[in-house]
Amino acid sequence: MARIGVFICHCGENIGRTVDCAAVAQESAKLPGVVVSLDYKYMCSDPGQQMIKNAIAEQKLTGVVVAACSPRMHETTFRRAAAEAGLNPYLLEMANLREHCSWVHEDRPIATGKAVDLVRVMVEKVKRNRALYPIQVNVEPTAMVVGGGIAGIQAALDIAAGGKKVILVEKSPSIGGHMARLSETFPTLDCSQCILTPRMVEAASHPNITLMTYSEVEAVDGFIGNFEVTIRKKARYVDPAKCTGCGSCYTKCPQKKIPSEFDALLGKRSAIYTPFPQAVPNKPVIDAEHCTMLTKGKCGVCKKICPRDAINYEDKDELVKVKVGAIVLATGFELWDHSKYGEYGGGRLVDVIDGFQFERLASASGPTAGEIRRPSDGQVPHTVVFIQCCGSRDEKQGMAYCSKICCMYTAKHAMLYRHKVHDGRAVVFYMDIRAAGKGYDEFTRRAIESDGAEYVRGRVSRIYRRADGKLIVRGADTLAGRPVSIEADLVVLADAVVPRKGGEKLAQMCGVGYDTNGFYSEAHPKLRPVETAAAGVFLAGACQAPKDIPDTVAQASACAAKVLGLFAAPKLEREPIVARVNQNLCVHCRACINTCPYGATQDREIKDRQGNVVKVVAEVNEGLCQGCGTCVAICRSNAIDLDGFTDEQIFAEIATLE
Amino acid sequence: MVANINEIQSAAAALLNEGKVKLVLGYRVRGNDRVPAFVTQADQVGCLAYDSACTQNLAAYLRKGEVRSRMPLAVVARPEVMRSLMLLTAESQIAEGQVTVLAVDEQGFHGVLDLAGTAKLLNEQYARIAPDSSLMEQLAKIEAMTPQERSAFWSEQFEPCTRCYACRAACPGCFCERCIVEMNTPQWISTAAESHGNFAWHMIRAFHQAGRCVECGACQDACPQGIPLMLLNHFIAREVEREFDARNGYDPQAEPVIGSWKQDDKQEYIR
Amino acid sequence: MTQATTQTETKAEGFEPRIVAFVCNWCTYAGADLAGTSRLQYAPHVRIVKLPCTGRIDPLFILKAYEGGADAVLVSGCHPGDCHYTSGNYHARRRWTIFRRLLSLAGVEEGRLFFSWVSAAEGQKFADLINDVTAQVKAAGPFKHNPARRQAW
Amino acid sequence: MKTLEATKLADLAAALTAAGYRVIAPCQRGDQVHLECYQAGKTLRADVIPVNSAKDALFPRSEVIGRYRFEGNEFETVPVAPQAGKTVLLAVRPCDAAALAPLDAVFNWDYKDEFYNAHRDATTVVALACTAADDQCFCTSVGGSPDSTANADAVLRPADGGKRFILESLTDKGQAIAAAGQAVLTEGQAQADPPAQVAPAFDSAAVTAWAKDGFDSPLWKELSLACMGCGACAYTCPTCHCFDIQDEATRREGVRLRNWDACGFGLFTKHAGGHNPRHDQASRWRQRVMHKFAYFPERFEMLACTGCGRCGRLCGNGMSIREVCSQIEQAAQAGVK
Amino acid sequence: MNSIGYYPGCSLSGGGIELDLSIRGLAQLAEVELREIDDWNCCGATAAHNLDHNLAIALPYRILALAEKQGLGEVLAPCAACFSRLKGTNVRLERSGDLKAKMQTIVDLPYSGSVKILSITEFLNRLMELGLADKLPKKLTGLKVAPYYGCLLSRGEDIVSDDAESPSAMEAALRATGAEVVDWNFATECCGGGFSMSLTDAVLDLSNAILADAKAAGADCIVTGCPMCHSNLDMRQLKIQSSGMGQYDMPVLYLSEVLGLAAGMGCDQLGLNRHFIPAMALAHRFDPPPQAAETAEAVSDQRSN
């Protein structure tokens, strides 16, 4: 038989003023199963809590209803008190007499009547509560960070600094990401490589970090604390253990005309290559597509020249399985393909370039050694037109959103160009200037006021190449209210920031959602900006939304904090409000599996003693379930129930309201 | 009888002879009735018959253990039955290789198909099955009534329901191990064959058909009391198509309609 | 069984409706809390049943409330896109769309079933909603032609 | 001789209603004919065998058999008397009347069921002799006949080619009916129509004999293959009498209900622990046949089947007692165990 | 024999007669029957939609309704303006539920929306598919063409299925003749359109820029599909040249004329002798003149003065 205790709080005058608490206590005492019903001035005070604890012990209570404020306020307090008195904390429920009754009604008899109802409902519910115990999940204290750009490097370094192991997976031959390609960074104009490369080296040498470059995530199984990840280590054809990074191989490689991805196709590289001189690890790989030894079996120069015999043409991809407890996705971004804009030449005009190409032209280590020279003829351009919002804020053909960083880097580009070409003319077409950030607006003002960039507010409607090689840029100056036409030598498009192609696949593997643009979805846009719907998977950097470097680094460090928090205890305790499948009733229609926002409902084979599969059913993974109960309502057989909100409890509540 | 009944028989015989199936689920003639035939030997195929009076949805047998134990099997299936098979595939009750389809319609036999082939045939040949016009007329009449009249109409219709659950038994979509109406902790739906129990039963039965009913009519045919269940079924199917642009039983990989969502699903009624 | 005589079984004048609300924990329940902390006064006829998410609401809950003689049912959760569990409210919305149409066909009159999105910040909206729903139900009177009402044995 | 014009059956029903009877008669309902309570305006159909059987009047599909109340921790039961008003089963078929024998037997076996008996005592049976049968009728195979008066208090015999009925009162209760219907009955002569010809379908003795040793026969599996497991046959059967007890309660009070149940349902014998002794439809069908043709004769020396043919008429899958018993008889003749 | 409905509109019997001639010739060659809509009326371009929206829809509605009534499933509207009006009306009727009923009351003809409207490029590409591609014996090797689309054959995403900014619908057919398509910039630039009469100076400026770019790109001729563009670039070229804005002598040909030339159709049959800027010299590079043809050239030259 249920033995329920009811405790009515006056909350000083807050409840007591409009609710006759003594009368509620009296009425509650008459409810079936209630053995003690008391009211008190402040139930949350020490004496109040003691009153509950004493009653639990003396009356051998099987359930408690505290009728006080909102459970959002003090449920934890009272449940802790119950636990201290030896009652399972999940056998305590709260009736909300303050926020939902005394504060919103003035008529004392009516409010008192409603308060009795609220208590009665909770009494009937709590009678059907059962003891629940926090779910313990083992945690493998190793993190995997996917993406070796600044976001991934920062997250890995911070986790490693916290004393936990990190596997940093990067698909290209070197870490560094886009930041390694930048010339200078806004708003301070410090050299990007100068501030980045020490971090890259630190990541490579940190004892807690395992670098896996030229590798890609192939499969992700498991759940928070217990992910099993399969990583494809692509064939490098160079044994990194033997290679010293001396560079003889790429110096001698006869295939030297391959457009360099790192240089945004403006420079060239060899078939055996490191992407850039400061690459980490500084060990080359062979590009199997362009190496004649691998394609035609002819050449072999690198093998002959290598003093360490590190070249292995027989190398194969390798699949490595690792166990990790948390995953940080830091896969970054790429630039929107502006060839979709026919009016800007549809990608056919070689002197219409994107932001990265300009970065490489401006970079001291770039293909022009930092001189601004246009791709078509290598001449120094005298007029450069910069166009912002190329593909951004364009629902029709491009992306609907603002790419956030373009205003700043375009100002930087205009500035760098004017610093390098003193008599040059920099014209910037913009829609709005969005320079919200520390020192950002000052920076754009500086570009305009000190460095003489001409800002034209308006869109460019057409770019074409005149027979003399000039690029004619026609647009509108909406402030002056007239069309403008500029004869330019070089046009730089601030292409929209878009997520990495193929990023959806990784998201699906991890159970992470993504928006219509392909950016990964955070668990809550305001309050959980680094978590995802998949517990144990976190987001850093531009894979979640366009971001500049400081925001990216901040988010990466936030990820590290989340990961270290998760790894702080060997076991993870989770709220036991989870769904459970009655496997006898489940007919495996898979509705719940389709429905679960967290991928927590999964197929489970039931086998007989011989190991034959006799039935397949759905099963809830406690590690993933967040307790929303959507699967429960979707199940036609009602083979699923939700602890804490069982059908029996809810039906009792409804019946009590009759 | 359809003209090329011999072709069904010989196709069935071939499947049995070649060991491709262990059982052919079809129809046979018994007096004025058409009843299910369970043919396990090639020499029994002579009993197989098909005409428009063969209205049972044989896909309903696929939940029976006694029938499932004889998989792989073949089913004589008209378009609605094929759609049931698509639903059962989508809801992982059957899989390719377990069920072969002997496709029929009122014109006759249209060949032996696997489930993928059945999906193709359905979408090519039977993409639009016109709903029964009398159903639509009746629905229009009911919808034109006042709420009180509608309530009275249905209470009159549900009154004779004895809760024999013949409707459930005849429906291929009702494959639950234990039906919601049989849950008693708590008792979801009163099992008494009285007003509120009957109302709840018929509402929930219809709701559980949302996005699933292929409108084969087997439930209504099975009802000894003549309750017009197809009115509810057709209404639900119509609403599902209107609201979610979904038609049931055409895609063996379909996501459940109730169990998936679109951001722009209508919500004008939500304030 | 004889009809339970509760305060709401009185005549239409002085009719005090019984309204059952199913709300999610994260938005509407919190919105009701905010109405409380803001001391917004509203009609006292609604009784809330708290669920983690509107996705948890089985259509049978609504039927059960009618069966017990509720004069109206209110269902409320997070705005689209704001679900604490990302998509529970989207799933719920699909169910409601069909179920409310079915109930309407079956004779449940307009003004006996309300749906709403109330966020944790919308204390005022919650109070207005309760007042409006209560006023509508009061005007409509007791739910006499309730097809789901429990049989008086 | 009392006669009733065929067109005046409804008038008789009205007269009996006026005399305080609850009149259960074959009424037109949509396309169907149901045995239900006569009300003014309903059309009576003596020419069609109704969908449901007469047992509904004596053993309702849901019946309150107990009541209780609670207040706080106090609990009390409330006595319930059967709600059995004076009832007449008007123009029910001899097979429905015949079914009262097995029902009487089972409800007065080890326990005398006060609810059934109250209904039974308050009920007058006015049978309607059959002059036509359909291909599902098989009363003659189970010891009945189309003009049997067994268990009837009065009988209506079609006469003069269906133009009128002859009303024969067989008991005092029957006399009371004749008296109450005085106004619509006429005194006169009429020639009773010949009874329907119902060809024998199977030898029930052979079925009973085979069933005695047939419990483990593999034949059940084949016989039951087409059964989908609904309760339609049991719920329309005039003799099936299984029930289930359910409570329905609010927070203040509750009722205990007796609802029909059927052995064809998978859950009928399912144990709380999950085991089900009748785990497949074959064992459920075996129970259905055994109950009617083996256990019942063993206990009560009568069959629990009256050959009304309802199960055959309604089952789209051809699962009727008639069909299954014929197959059993054939198997018995062929020596199949 | 395939058959396609035909809506010539006003210009094809007037200023755009070369277009009509060459299209009819090519259709015959490809064995496609052109069935002119009986009792057709003005499409409303380019003035109606500035005056009265109902009228602007009602006029094309009547044409479409007639075509449907006459059993024409597809209708070719060679003039780009007619095409735009007719197809645009189809789109609007489909989008707005009430519009159809309204138009039915105005025009008193039912129309279900079934008629498909083909542009000149869609039509000629269809002819190529139907076998015209195999009937082009003459290779226009060395002919440099600047395909000019203007607005009506590039804009309106529901109407034109080409890329609005860099259309390419003419290119495949032109290449099939052996001609070289030059890379130029002004393929979609405005020619001045319907302002030829009212704002002639603006038209001269705009058309001049187009001609200049085509010339700079090394084109021998501009190829178009729109009679209005044609008249601005061809007829107004005389004024452009006489007012000293530039000297181009740039023939402006219809796509159908170029294809006709490749198909070996005579210059007269194609109407090449009817241009303001003489096109015969260009044509004679591929279709050497019989003796009599010189007279026609002379006539044409006279006109150009």
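By letter and in written order, the chains are A, B, C, D and E; residue numbering begins at 1 in each of them.
Throughout what follows, contacts are C-beta pairs under 8 Å (C-beta built on N, C-alpha and C of every residue); 3 or more make two chains touch, one makes a residue touch a chain.
Small disclaimer: the values here were computed from a predicted structure and weren't measured.
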| item | value |
| --- | --- |
| Contacts common to subunit B and subunit D (chain labels) | A, C |
Contact-connected components, subunit A excluded, all else fixed in place: B, C, D | E
| item | value |
| --- | --- |
| Path length in steps (a step moves to a chain that is touched) from subunit B to subunit E | 2 |
| Centroid comparison with subunit C (C-alpha atoms), farthest chain | E |
| Nearest-to-centre chain - CA centroid comparison | B |
| Identity of the chain that, by mean CA position, is farthest from subunit D | E |
| A-B compared against A-C, more contacting pairs | A-C |
| Distance between the centres, which are taken as Cα means, of subunit D and subunit A, whole angstrom | 69 |
| Subunit D and subunit E, separation of their C-alpha mean positions in angstrom | 86 |
| CA centroid of subunit C to CA centroid of subunit D, Å | 45 |
| Approximate Å spacing (C-alpha centroids) for the pair subunit B, subunit C | 34 |
| Residues of subunit C whose C-beta touches two or more other chains | 4, 59, 68, 87, 91, 95, 150 |
| Residues of subunit E touching at least two other chains | none |
| For subunit A, residues contacting two or more additional chains | 584, 595, 634, 638, 647, 651, 655, 658 |
| Chain pairs in mutual contact under the definition given at the outset | A-B, A-C, A-D, A-E, B-C, B-D, C-D |
| Partner subunit B, residues of subunit D touching it in the complex | 29-32, 34, 36, 51-52, 61-62, 135, 221, 224-226, 228-232, 234-236, 244, 246, 248, 257, 259-260, 262, 265, 267, 280-282, 314, 316-318, 323 |
| Partner subunit C, residues of subunit B touching it in the complex | 142-143, 147-155, 180, 188-190, 192, 194-197, 199-200, 203-204, 206-207, 210, 232, 235-236, 239-240, 243-244, 257-263, 265-267, 269-271 |
| Residues of subunit C touching subunit D in the complex | 1-2, 4, 68, 150, 153 |
| Subunit D partner contacts - residues on subunit B that touch it in the complex | 30-33, 35-36, 38, 55-56, 60-61, 64-67, 160, 162-170, 178, 182, 184, 187, 190-194, 197, 218, 221-222, 224-226 |
| Residue numbers on subunit A that touch subunit E, as the complex places them | 341-343, 346, 348, 462, 464-467, 472 |
